[in-house]
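Each structure below appears as structure tokens.
Presented sequentially are two complexes of subunit A, the first with subunit B as partner and the second with subunit C.
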Partner chain A sequence: MALTYTAISTYTVDSGGTASIDFTSIPSTYTDLVVKLSLRGSSGNNVLMSINSSTSNFSYRLLEGDGASAASYNNTTGRLNYILTTTANTFSNIEVYLPNYAGATNKSYSVDAVSEANATTAFADLTAGLWSNTSAITALGFTMAAGNFVQYSTATLYGIKNTV
Partner chain B sequence: MATATYDCIATTTLGSDQTDVTFSSISGSYTDLVLVCWVKTSSNDIGLRVQFNSDTGSNYSVTQVFGNGTIAGSNRQSSQTSIRWANNLSTNGGIGIMNLQNYSNTTTYKSIVCRGGFASHGTMASVGLWRSTNAINTMKIFDEDSGSMASGSTFALYGIKAE
Partner chain C sequence: MPTKIIVDCSTGVTTEVELTAEEIAQREADAAAFAEIKAAEEAAAQAKAAAKASAEAKLVALGLTADEIAAL
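Our next item is the complex of A and B:
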């Protein structure tokens, strides 16, 4: 049976930190993409996703629990979650699922994210996102709204083939 | 040598508008199943339901959390004839992902964990229960709102082996 879940590329941030994590030249030979990120920022802030180097034409609706209550928000950015730096050595986990990424339709994506901390507030986020562009996805980028990703942050891009 | 643990069991791309999709004769040789749907609708936003093994009895329940962009909430449905597992799908294409752990055992009831939504309508997560000890060998996915799943919608069923 064919391999269906393949690591396309992986990135580990070194001691110098980095302002962005980029996956480029993504082949169109898969059906879906999955990105799994373990991220910590130099300061607390939002993680943003770009597609094909674009930060425009994004929209999302978000369900968020902060340990005390649940709320829902919407906006027009590629926000994935908010990274907390309250507790040392603590990284946020994010999974982004992008089905039919190479098709000629607008691109829907789903995000599950957590920012845990040994503090009163932490975040669990579920997001439905849309990039209103019909181009095939060939590049994904991840940045902080301000600051850098710090050492030991990781990101892995997987491709899923629905070949029976 | 490592073996492949994540296999695509079946896939369907709709060639015309349909109200349901059924995966049958699902092999019991995997440990877990994952269903990934990308669903466009032909009219309004719809919710998706699932029935297992053609069981139309009141043997299903579900708990959801959801957000529509301004309001967060939770609801609960028990003694249902199916599980409402994804909603807010739309004409632009929404996502539904269902995880079915230990689906083929014949000792326990079957639980599912699901995500669904679309950016113009909202996002949700749900956990469902089918009160049957039968191994799951058939899944029927259908819309509950008298809309249709539109041509071009895709469905892929994956099997995961714990070996």
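Our next item is the complex of A and C:
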């Protein structure tokens, strides 16, 4: 990891599972934020992102390949990716990049996500998203639309500075 | 009751709390909203695919070859 990357916080889900992982009191001292998620659900479903505890004012355009066809669509939720549970003990990867998160403009973000599966269907998604709110980002939440994140799922929040 | 993990980045303290009724309702509403939009998109995609297949069948009936149809 480059010297400008700093791991702010990380969390690994324990045996009880959890429906949501929320990072709060995010310091404003970095230039950008990036979140790296390794997630598996108790059942297949969507992972949704909230910003400052809000699930409103999101919009995104998504490119998706599923192993058979490619698609592009838009939506107005904080959806990041669909987690598959087709293959046992296999986790999906999601990276969310949020530039200029502490600024006073609307917050754009990008998502690079794959739902790992040793099966015909697996998802690879690239998302360009916007949270139409000018508040500085101080909290990020990641929630299973239904069920829980299972044990060993991890979420790590990094702060990135544009200089060392 | 489902729980959430709160990671306080200023202190490093991690807390597990139960979701409130409002948070559960919001989660269900978000999931339902996404499912509704996704279903509409899939229906539209299926309708478009059906229309394309129908149009191609009509072109074949007019005597066009597969290569000619693909060239359109």
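Definition applied: the second predicted complex is superposed on the first by the 160 of 164 C-alpha atoms of A that agree within 3 Å, B and C clash if a C-alpha of one lies under 4 Å from a C-alpha of the other, contacts with A are read in each partner's own complex, and residues count from 1 in each chain.
Simple rule for what comes next: a contact is a pair of C-beta atoms (placed from the backbone, for glycine too) under 8 Å apart; a residue touches a chain by one contact, two chains touch by 3 or more.
Just so we're clear, the structure is a prediction, and the values are computed from it rather than from any experiment.
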Quiz item: Clash or fit: what happens to subunit B and subunit C when subunit A is overlaid?
Solution: fit
Self-check item: Apex subunit A: angle to the C-alpha centres of subunit B and subunit C, given in degrees as a multiple of 10
Solution: 100
Self-check item: Which of subunit B and subunit C A:P27 touches, first, second, both or neither
Solution: second
Practice problem: Using the touch definition from the top, say if A:L62 reaches subunit B (first), subunit C (second), both or neither. | Solution: first
Quiz item: Which holds for A:A71: it touches subunit B only (first), subunit C only (second), both, or neither?
Solution: both
Practice problem: Would you check which partner chain A:R79 touches, where first means subunit B only, second means subunit C only, and both and neither mean what they say? | Solution: second
Quiz prompt | Touching partner for A:I8 - first (subunit B), second (subunit C), both, neither | solution = second
Quiz item: Closest Cα approach between subunit B and subunit C after superposing, in Å?
Solution: 9
Quiz item: What is the shared patch of subunit A, the residues that subunit B and subunit C both contact?
Solution: 71, 73
Quiz item: subunit C touches which residues of subunit A in the complex?
Solution: 8-9, 11, 13, 16, 18-27, 45-46, 48, 55, 71, 73, 75-79, 141, 143, 145-146, 148, 157
Quiz item: Across the complex, what residues on subunit C touch subunit A?
Solution: 2-12, 14, 16, 19, 23, 26-27, 30-31, 33-34, 37-38, 41, 45
Exercise. Could you please specify the touching residues of subunit A with respect to subunit B in the complex?
Key: 1-5, 31-32, 59-64, 70-74, 97, 99-100, 105-106, 108-110, 112, 126-130, 160-164
Quiz prompt | In the complex with subunit A, residue positions of subunit B that touch it | solution = 4-11, 36, 38, 40, 65-74, 88, 92-95, 97, 115-125, 152, 154, 156, 158
